[in-house]
Amino acid sequence: MNRNDVTEKIIAAKVSRGLTWEEIARRVGRSKEWTTAACLGQMCFDEAQARVAGDLFGLTDEEQKWLKVVPSKGSLPTPVPTDPLIYRWYEIVNVYGTTIKELIHEEFGDGIMSAIDFSMDISREPDPKGDRVKVVLSGKFLPYKVY
Amino acid sequence: MNRNDVTEKIIAAKVSRGLTWEEIARRVGRSKEWTTAACLGQMCFDEAQARVAGDLFGLTDEEQKWLKVVPSKGSLPTPVPTDPLIYRWYEIVNVYGTTIKELIHEEFGDGIMSAIDFSMDISREPDPKGDRVKVVLSGKFLPYKVY
Amino acid sequence: MNRNDVTEKIIAAKVSRGLTWEEIARRVGRSKEWTTAACLGQMCFDEAQARVAGDLFGLTDEEQKWLKVVPSKGSLPTPVPTDPLIYRWYEIVNVYGTTIKELIHEEFGDGIMSAIDFSMDISREPDPKGDRVKVVLSGKFLPYKVY
Amino acid sequence: MNRNDVTEKIIAAKVSRGLTWEEIARRVGRSKEWTTAACLGQMCFDEAQARVAGDLFGLTDEEQKWLKVVPSKGSLPTPVPTDPLIYRWYEIVNVYGTTIKELIHEEFGDGIMSAIDFSMDISREPDPKGDRVKVVLSGKFLPYKVY
Amino acid sequence: MNRNDVTEKIIAAKVSRGLTWEEIARRVGRSKEWTTAACLGQMCFDEAQARVAGDLFGLTDEEQKWLKVVPSKGSLPTPVPTDPLIYRWYEIVNVYGTTIKELIHEEFGDGIMSAIDFSMDISREPDPKGDRVKVVLSGKFLPYKVY
Amino acid sequence: MNRNDVTEKIIAAKVSRGLTWEEIARRVGRSKEWTTAACLGQMCFDEAQARVAGDLFGLTDEEQKWLKVVPSKGSLPTPVPTDPLIYRWYEIVNVYGTTIKELIHEEFGDGIMSAIDFSMDISREPDPKGDRVKVVLSGKFLPYKVY
Amino acid sequence: MNRNDVTEKIIAAKVSRGLTWEEIARRVGRSKEWTTAACLGQMCFDEAQARVAGDLFGLTDEEQKWLKVVPSKGSLPTPVPTDPLIYRWYEIVNVYGTTIKELIHEEFGDGIMSAIDFSMDISREPDPKGDRVKVVLSGKFLPYKVY
Amino acid sequence: MNRNDVTEKIIAAKVSRGLTWEEIARRVGRSKEWTTAACLGQMCFDEAQARVAGDLFGLTDEEQKWLKVVPSKGSLPTPVPTDPLIYRWYEIVNVYGTTIKELIHEEFGDGIMSAIDFSMDISREPDPKGDRVKVVLSGKFLPYKVY
Amino acid sequence: MNRNDVTEKIIAAKVSRGLTWEEIARRVGRSKEWTTAACLGQMCFDEAQARVAGDLFGLTDEEQKWLKVVPSKGSLPTPVPTDPLIYRWYEIVNVYGTTIKELIHEEFGDGIMSAIDFSMDISREPDPKGDRVKVVLSGKFLPYKVY
Amino acid sequence: MNRNDVTEKIIAAKVSRGLTWEEIARRVGRSKEWTTAACLGQMCFDEAQARVAGDLFGLTDEEQKWLKVVPSKGSLPTPVPTDPLIYRWYEIVNVYGTTIKELIHEEFGDGIMSAIDFSMDISREPDPKGDRVKVVLSGKFLPYKVY
């Protein structure tokens, strides 16, 4: 057994039990973004969260233990994603990558926007011409150390 | 001569003239995100914008014409970016890709978040533990056509 | 169990039961193009369609539930397809890609032809020198947002 | 000098002289699809067509000779295209590839749709919800030889 | 079950029953080249051929049905083959590719040698300095359509 | 200067002087297949051949010296060729690769068909349904040494 | 002109002027590790440092301006390095990568060792059996944010 | 059974038995770095170490035998790692690779830092601004042989 | 069942029965280099050799039949090997590849060193500064055919 | 100017001056293997050797300085070599890689054969059935450090 097996079991249980990520997140007590990432094997549960997830998805004790192990991250099977929704994000990085780099450096100097001390919020933005997906990303700026 | 040559000339002129993207954007009359992307060869200028850019960067008439040609987009030289700042964005897509997919589908059903009818806003979020980069992305939801 | 397992079961059932895509599409009540794509794990069924597919292919309740989950799309195992029929399409994109880009931009300006608000129709075009495959593609033009 | 140099000169001349592909095609006397592909180095001109192109783009005699040489085809710099417009076509092949394969085989049996005995027509399809790009592809069906 | 499973069963049956491709081809009533390709999952059997193959390899009815399904072609696991015998062919394409292109274009003009309306014959060419493998390839020339 | 520069000069001279490979081969005194490969930088000329080529293409003494240097071979810019004519050959290796392997091993045992002690002959095969390209390949069989 | 041109000029000047990195670092007033990385186009100079580098390497004013621009980082031309010295480091990541991950997670929990708030010290470790290279890496631990 | 199966069993046993690498290393009698690498299939146990590991993880005699077989090394599933922690190390090699090369050559001349006669020590470096990960690498310098 | 399964069984049997390649080779009656390659699925056994291997490794009749089938060769899972010992050989080809090419061409003219009519001998070369691995490779020179 | 430019100048000078590697090596005073590798940019000259090479190839003082800089090694433009002679060596690593690994480990235990403390000797082995290329490789065995 490994973490992957547990992730697949969670996904299958979610389908067969008809759960939603929002509901799962409310039960786990964290944002729906973090909770979904954790269930999909990208984040690490604590004791209490693992127990809640265990109940929701019908996991054994050993499976719950795996939820507390730091996973080997990376959710995409190919370097360039093939799923159209995920590809659009890759395209944003490809088309706007140098733009993002220029503007962050202009504002902050040399360094990066952290993907670790990082949060994300996805919501619906009503619009008469068709609703929009609004995503807010917030990452700590980390300056390069000069030594 | 091609668009790439013009882009390189723009970047070199920005360095030697000491311009900032914010200032360039104000002169062009568009957001700093769109303007930077356009200067870096990812968007297409109209007549008036091309003239402003021509003045700012000292471009010839022929070079200004290239700014009005739809460019061949994609700003990264490799499928997986090597620059640490841009890589962090690739990592976000890699780690959170399936999460983003799940949450958008849960809220909107099958479809994608457009990377075309799309805007981006990058700003500084002051924080006592270290300022943060805040990025707001807004893309129209496009449902898959059933026929 | 995951969506892939259901797709493989559908394909195997189609062979052993001797069904045709045309017949399946008529039963599902959608075009043969959309229906085939949906059966092959690229589109998402609604309740009623899933029930019809369930009957046609002998799927369990749980398997039918998977048909209503938005799938992770992408039907090719390699970036460059090896199957000669599918490769010819890749070749069309490779040989005519810049042509398509130039002509759409000349007619519509900067933007793309949507692959989401998109339909396809494949038919036989009788020809004395050998019948032809006629494919009509229709995708909404989406202009790049300027902001 | 090689064909690539001539192609780049053609593209640059088109920009600086303000020509359109439609106009060029009318002068060459072929469809805008074939003519654009030929100008972009994917098809081969005959004597008369090369002379017309030579006049339009200001090509020398030696450059015109190159237009009559069968070019090394393939217009994309990377296996997976990065330009969003061209990528959408790659995505169509990726998402619908197996669907296209199934439906052509169901109608015609084993074989392929030719990408050589092939034509393409790109046009605007007016639509109150936003105009659409309509593309008609026609390729001869070639059955696999059994021997 | 899929076509791959049937192919693997055929290969295993050939080894355990000690059959030769020549013998199999004589029974199927086609050339040894076509028959071997078909058994290895690259061509499509008709009803009678499938029955013969079914007898030779001990296939069930369902397995025989798969032989009549057009397969997803491509017999190599990697873009550059690792098996020395198959690699030599890849090397021929690599070293002589541009030569073949030049000579076919010089004789026929722009177009291709079909790999569909195509046959192959492999035989032993006795030679005192060591026997040679003689391979005759015959493919219809297909000129590019001008439109 | 390197061999590549000489090859490009040869190709350009062939276009501007209107030579054919057949004529060049007759002058060099070798088959058109070998001569074309040699001119395209895949084979190595001897003294006399280099002089003939030098006259035909207007090469300097130093350029002729390069024709006598063993070249670094491989004529394709990408592992999977993009040119449709050359791709068809790659497809033949991909679709028929395992077939070729099986049949050569059945006839000769373990070993390979040499791509070095190898010759090729390309000719036109008249056919009422459309002329065919006939290619005869002959390579010495080399058995694996057992020691 | 771009940063790459300046980097190449710096490297060439170092060779022709016979400078050492240690000496350069002393003049710049930073560690030899940071200074070398900065000269090789991976870090960003401030005003004073750029002036010192300008003197040492004979750079023009415009070239010095480029030293103050945040560079596009990544010093390796291929994903897997070919230079044996650099490859050994890649091998350490490959062989010990999961070990490093396990031990950092065991000590610190989920998170990463920063490559930004990071320093490196390379020195000679005398050893009777052959001197050793000692490298000390120090990176801030950044825990994953839970939200 | 192969070494991979044993490695997976060890990892699963560590999770279900709640062991730590530090504890395992103490029992094995080697550093935690070497021991973890060995358990993860990158190093080779001796008789006594294999027996200790067998007890700790509940391995059969045959499984213990595999621990004494030299493993096929390399712990990463992709050339560019996707896990953020391991990627940071790849980034260090990418950003600092040429720096490391320059400084080792400046100190030692041509040669490499061994990844075989090599040790590593990972520890916590307390820091009021956030604890740091300190890694000390020590590899014998091996000069290139001149002959 | 396929040849891979037999190879894996052989490797597992060697571990559990505690055999050495030298002993196996003596029993098979061939060099240890050829025998090891054959056991690892790269060479083809004859009747008698298959029987000996069958006894040594406890193979069934069907498994022994597979040993007599010409295998699909290539023992590395990735184009660039990750195992340090095998990588060093890849590095030798990478660093010395052009050197080997130059020296063989200088001595023999255009052609190759055969990897088929080839043998290898690996032995220990005692050396007071540390024993060395001595490898002798012998391959027939094959000149390119001129025709 | 960089080391690559010097390497290209050396190769061109060798062709135009008609030098042989053997003669060059004799003048440099090292083996032809080491000298060729050094001239091709894979090894590093000392003062005296650089002066000899400077005379032989007509290098300037600055060019001679580059010969004394440790080069960035790796002589192949692609991960899998396309030149047939060099490919045969890659094939040997591919086919015999696991064999070499097994036999070195059986004789020496865990460790590698050094590619740094390494020498190579290439010679002609006369043989009535066709002369052979004999290559002797000698690399120090380096055991993995256990700590």
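As written, the chains take the letters A, B, C, D, E, F, G, H, I and J, and residue 1 is the first residue of each chain.
Here is the rule we use: a residue touches a chain if its C-beta (ideal position, glycine included) is under 8 Å from a C-beta of that chain, and two chains touch if they have at least 3 such contacts.
Only a predicted model underlies this, so the values are computations on that prediction, with no experimental measurement involved.
Traced through touching neighbours, the fewest hops from chain H to chain I number 1.
On a Cα centroid basis, the chain most remote from chain H in this structure is D. Across C-F and A-C, it is A-C that has more C-beta pairs touching. The pairing of chain D with chain F is characterised as different-residue: of all residue numbers used at this interface, under half are used by both copies. We define each chain's centre as the mean of its Cα atoms; on that basis chain A and chain I are separated by 46 Å. Look at where the CA atoms of chain E average out and do the same for chain F: the two points lie 23 Å apart.
For chain B, residues that reach two or more other chains under the stated contact definition are 33, 72-74, 76, 79-80, 82-84, 91, 94-95, 98, 101, 105, 111-112, 114-116, 118, 142.
All chain pairs in contact, by the document's touch criterion: A-B, A-C, A-D, A-G, A-H, B-C, B-D, B-G, B-H, C-D, C-E, C-F, D-E, D-F, E-F, E-I, E-J, F-I, F-J, G-H, G-I, G-J, H-I, H-J, I-J.
By the touch rule above, chain B contacts chain G in their complex via residues 8, 11-12, 15-16, 18, 78, 80, 82-84. Interface of chain E with chain D (complex): residues 30-31, 33-34, 43-44, 70, 72, 98, 101, 105, 109-112, 114, 116-119, 142-147.
Note for the complex: chain J touches chain I at residues 20-22, 32-33, 36-37, 40, 42, 73-76, 79-81, 83-86, 88-108, 111-115, 118, 120, 122-125, 127, 129-142. The touching residues of chain H, when paired with chain B in their complex, are 80, 82, 84, 87, 91, 94-95. Put simply, chain B touches chain D in their complex at residues 1-2, 62, 65-66, 69, 72-74, 76, 79, 115-116.
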